[in-house]
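So, here's a batch of structures to check.
Two complexes are shown next, each including chain A; its partner changes from chain B in the first to chain C in the second.
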Partner chain A sequence: MTANSDTRAGEAAAERQDAGRREVLRYALRRFGVYLFTLWAAITVAFFIFRLVPGDPMNILLGNLTRAEGRQRDAAAEEAIIARYRHIFGMDEPLPLQYVNYLRKAVLGGLDLGPSFVEYPAQTKDLVFRRMPWTLGIFTTSVLLAWIVGTGLGALIGWLQRSRLSQIAVVISTLLQITPVYLVALGLIIYVGYTWRILPAGGPYARHLQPEWSWEFISSLLTHAILPMLSNMIVIGAGFTLGMRALMISVLGEDYLTFARAKGLSPFTVLKDYAFRNALIPQVTALAIIVGATLNGTFIIEVLFQLPGLGTLFVQAMGLRDFNTMQAVVLFSIFAVLTLTLIVDLALPLLDPRVRRTA
Partner chain B sequence: MPTLLEIRGLSAGLRGRRSVTQVVSEVDLDVEAGEILGVVGESGCGKSTLATAIMRLLVPPQVLQSGAITLWLKDGVGHDLLQLSDSELRQLRWRHLSYIPQGSMNSLNPVLRVEQQMTDTLIQHGLSIAEARSRAAAALELVNLEAKILNSYPHELSGGMRQRVIIAAAVSMHPALIVADELTTALDVVTQRQILQELAGIRDELGATIILITHDMGVVAQIADRVAVMYAGKIAELGSVNDIFETPLHPYSQGLIGSIPRESGGRIEGLPGEAPSPWNYPTGCRFHPRCPNIFDPCRERIPALQTQDSARWAACHLYDAEVAADA
Partner chain C sequence: MRNLSIIIGSIMLALIVIVALAGPSVVSQLLFPGERPAMRGSYRPYQLDSAEHPIGTDGDGRDGLMVFISSIGPSLQIGLIAGATSTSLGVVIGFLAGYARGRLDTLSRILIDMVLVIPTLPLLLMLAAYIERWDLYKLSLILGIFGWSFVARVIRPQVQSLRERSYVDLAVLSGENAWEIIFLELLPPLLPYIGYVFSLSIVGSMLAEAGLQIIGLGAGGLPTLGFMIAKGFRESVIAIGLLGQMLLPAGALIYVFLALNLINTGLDEVFNPRLKTTIEGGD
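And now, the complex of A and B:
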């Protein structure tokens, strides 16, 4: 090869690289646009949907107040109180204006999502931030563990597709996958928590403890987290197992697997580099999809296990028709799900060289 | 020439719910060292099943029913491929026995670089990483590819390049026997010709023996030394390329040769009817419903593959003096 054609080839390669980089930038920008649009759409839908729920939050609030004080006010005083509350929560204006104000404050006011009714005068934002670690902790840990266990197990029973044991595993996973998560949670609470008393089945940590950096507190926190996470893991993990099994079986039929066997590679290498590596790619995409679909299961689990996460907050807020808090919970849940999905999406090119080029 | 591979009574089939459907029936075949043996036949005649059975790569529902396949190594030791344990077979694979699969286009792992796919086997067979790399580069040279291909992923290569990488991988350990299944089917005619030439070159350079499975008589005519014609799971005729193309014995081979367009023009004679599927092979000679030369014994008796002269075999009652005498 002459020097001339070498440099030309080099230029062409550099050009390709430049084009590749532009391509990546465009992809990233488009992703970010979709990200913002989804957030906006979610908050808009949440804003209007929650206001369609019957029941005036002011009346509920007033009722609570009356009950707490134990005495009846006259109608004029009640009117005055309701008008005062309406003003505080910005609900004395027409709906479209409320919506515009809400968006304006949220975007320009540094995420000012208004005060909450649940813990007035606390800011909704602070309330959500305080509860979020519980939800994200339980949710991400259980989904990730379920994914790891399910992927490993599914790869194994897909690889041993014709053995009795793997057929039994398929039946069990199918049954677990179609069981609603709350039934699994209730089963665990009843049997493990109360009948056998193996693990605590309610509350975030033992009642006599205070949050602190001590072994006693942390171990209590962890043992209380086992059952909630297990309920989530069993159902999601069974789904991941079945998915990975199907992927493995289809990869096992590929020509490159026959070729790998013909090469005289050890079965472990064939499994690891040829079957598993290829089945893993769609399985990672599945993780991204599942992340969005299973957050609501975590909300239910929080309520059942009395954990102070976003789920319990949402249920409290729902009872009071606390629009601000409900909207904030939706907003932050969507934000969390989108972020997790984005991380998974960005991880894909690491696994698949074909995506690396075109992304 | 000494025999490299000896196939005796090989039967393989498809396992169904109740019974096994035989696809390849009682095949006897000797492959001589250093030859290129073309195995031709229509789709569904069992030639690919024969190839995968030789490689012991049958996967359920394909099952091996009976037979022995002996590979004679240079040191005079014979191994029955069907009796070896999995790990013994793994030792033999690639070093002595390699495979170019049907659908070579999809035979490379899409997530690994060519280098890893070519060298992982070599390393597991005891070569050092540096040795494996230089072996892989040398093998690529045999098929006219540059060593820098090693850093590519399969999707960055063209179809012909991928096919060449597969061939290079298959010959990288200088195996005694290469089984190539529909090597060139997916390629354009020009590439096809180049690759066949490269394959012939590899045979000359490495002294390898090649079994070439194909449905393309043109490919066989270009490259093979001997031809085995398969029909409905059995070998109908075996002989040198010249004999089979000039004076085919079996009526099926005659029909097959007659259906090739000739330069001289003239009418192409097609074979009437179609090949039976394994689920309803006819009794007696499996070709008899389509045979122009049919006579009584054909309907009941299965013809054996018999020597006609020292270098030709045919499975046809026409050439069996005893049967002819009975009739």
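And now, the complex of A and C:
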């Protein structure tokens, strides 16, 4: 790559830096290409899964509606209604054409994912955008906090591996890590929310308030957010703690650490610059891996805490058999997960020079 | 004792399997001779704990303990079937991906990564909307089909690293074909690791199943631990004072996860002896 870089020492250094930068750029571009491809493929898979499963959404939807109204079923009229609606929603076209239309609208039409079946003519895109801040807010804040707390705690426990305190911490985090997030959430709702009444355990903010920039509203919002975030944080944080501890311990076994100590560096320097930094890189990768699973948990948490996020939107749409809305939620959550993973992956070369070279 | 955690975990698991198998008939014979404790409307609903009903009765007028004991089996069954499905799918795909080279390898890696990041819960929920009648096998199979990517993701690099070892080169030189290499050279050393992944998959499937139930859209009526928890939450049994109907199923789930986790830790040590020496050898 650097063909004539060894002419003079100064130039060589500059060029090496240059080559390094080019490598990072290439890594980023490649990663972005993979991202776009994955996004396209995921959208395609999601589209076809829901078109190929047995059961026509229109039949299910309208069948449910007529059944719910308890009318005498008039087969011919029902057929006509279904045909009409299928036409409105573009579902009377052949599948490949539907797919092309879908992609075209989604990409060129500014994320146009079609209208909601139930709240027609409201766009599913708008429904999703209205709910998205709740989900992303709870999700990113709790994951980041859990990561910071877990990494710090794990590093400490790993460093103090023989002490009684760290053994107790390991047992507690193992127990917390294997507890499903929704059980933690249920426990918090039942005990903190209802039995002890310390914190509100349902709804986005107090019922008598309206969204506005006032201290009262914001503080209500924040206190309502504590328990949902805490449920996420406890479980994910425990996982990060254990992960970081294991990484720390394996780094501590390396020879270069013994050498660093033998050089007479202070224990804190060894911890900070030698052990922690090296254990941190896989820990960041772990962050990227858990994003998808955590989003699943966040959906359940929203439903349990009655927060108006994407999970709740999905469950409502599901109850009404609003397939377009459901599909939009699925696509947006795929998009969110892929994008968050991309961000973590792109941040990785900043931490780990090896990724730059091997990319 | 080299592998205490596998032994403790297996004993714990064996105990709950015994409870799941023998529990329902034992409890109904011992506590309710001549009655039908698991039938709706057998008793007055929401009775508090008593000598006759140790954890009270549920909203359908069944004995709580009986409901709890008979929920364990289906939960374990779902975990087992779904875990086996996703593990076998993932192992096959992971082996193919790990054994292949060049373009096929890149493609399979992208495919695995892609499926891995797709949030499965909405997909599962959406499928649930289409399927009118759930049964245990349908649910388990679907959970399993959604779980393979994780298995493939962790198996692939293991296969890749093994196939570069010199003993595999030797096998190639001595004329073994690809299948012989996969089944005779690569698979056996990976078995503990596959067991480890299998146990993780069981946990994942049971987690997903209970999550689906709790969100309220799961296999309506499948009598699992998750369903009991969800029902208890909806009927606010804690407020009524029927603590056991919530804590027992939750505790049973955590107990199973703990047992599997212990087995996992042990299997991980078997597969990865360095882990143990570094932990014990310390600094």
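Following the convention adopted for this analysis, the second predicted complex is superposed on the first by the 290 of 359 C-alpha atoms of A that agree within 3 Å, B and C clash if a C-alpha of one lies under 4 Å from a C-alpha of the other, contacts with A are read in each partner's own complex, and residues count from 1 in each chain.
One rule holds in what follows: contacts are C-beta pairs under 8 Å (C-beta built on N, C-alpha and C of every residue); 3 or more make two chains touch, one makes a residue touch a chain.
These numbers come from a predicted model, not from an experiment.
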item: Clash or fit, chain B versus chain C on superposed chain A; value: fit
item: Chain B versus chain C, judged by how many residues of chain A each one touches; value: C
item: Contacts of A:Met318 with chain B and chain C, given as first, second, both or neither; value: second
item: Contacts of A:Ala80 with chain B and chain C, given as first, second, both or neither; value: neither
item: Which of chain B and chain C A:Asn278 touches, first, second, both or neither; value: first
item: Touched partner set for A:Ile178, first chain B, second chain C, both or neither; value: second
item: Contacts of A:Gly264 with chain B and chain C, given as first, second, both or neither; value: first
item: Partner chain in contact with A:Val34 - chain B first, chain C second, else both or neither; value: second
item: First, second, both or neither for A:Val45, with chain B first and chain C second; value: second
item: Chain B versus chain C as contact partner of A:Tyr256, first or second or both or neither; value: first
item: Least Cα gap, in Å, left between chain B and chain C after the two complexes are fitted on chain A; value: 5
item: Set of chain A residues, in rising order, touched by both chain B and chain C; value: 162, 258
item: Complex interface listing, chain B residues touching chain A; value: 55, 57, 59-60, 89-95, 98-99, 101-112, 116, 120-121, 124-125, 153, 155-156, 166, 169
item: Complex contact set, residues of chain C against chain A; value: 110, 113-114, 116-123, 125-130, 132, 203, 207-208, 210-211, 214-217, 229, 233, 238-239, 246, 250, 253-254, 257-258, 261, 275, 278-279, 281-283
item: Chain A residues touching chain B - in the complex, by the definition given at the top; value: 162, 254-256, 258-266, 269, 273-274, 277-278, 281, 351-354, 357
item: Of all residues in chain A, those that touch chain C in their complex; value: 34, 37-38, 41-42, 45-46, 49-50, 53-55, 60, 161-162, 174-175, 178-180, 182-183, 186-187, 190, 194-195, 246, 249-250, 252-253, 257-258, 289, 291-292, 295-297, 299-300, 303-304, 311, 314-315, 318, 321, 323, 326-327, 329-330, 333-334, 337-338, 341
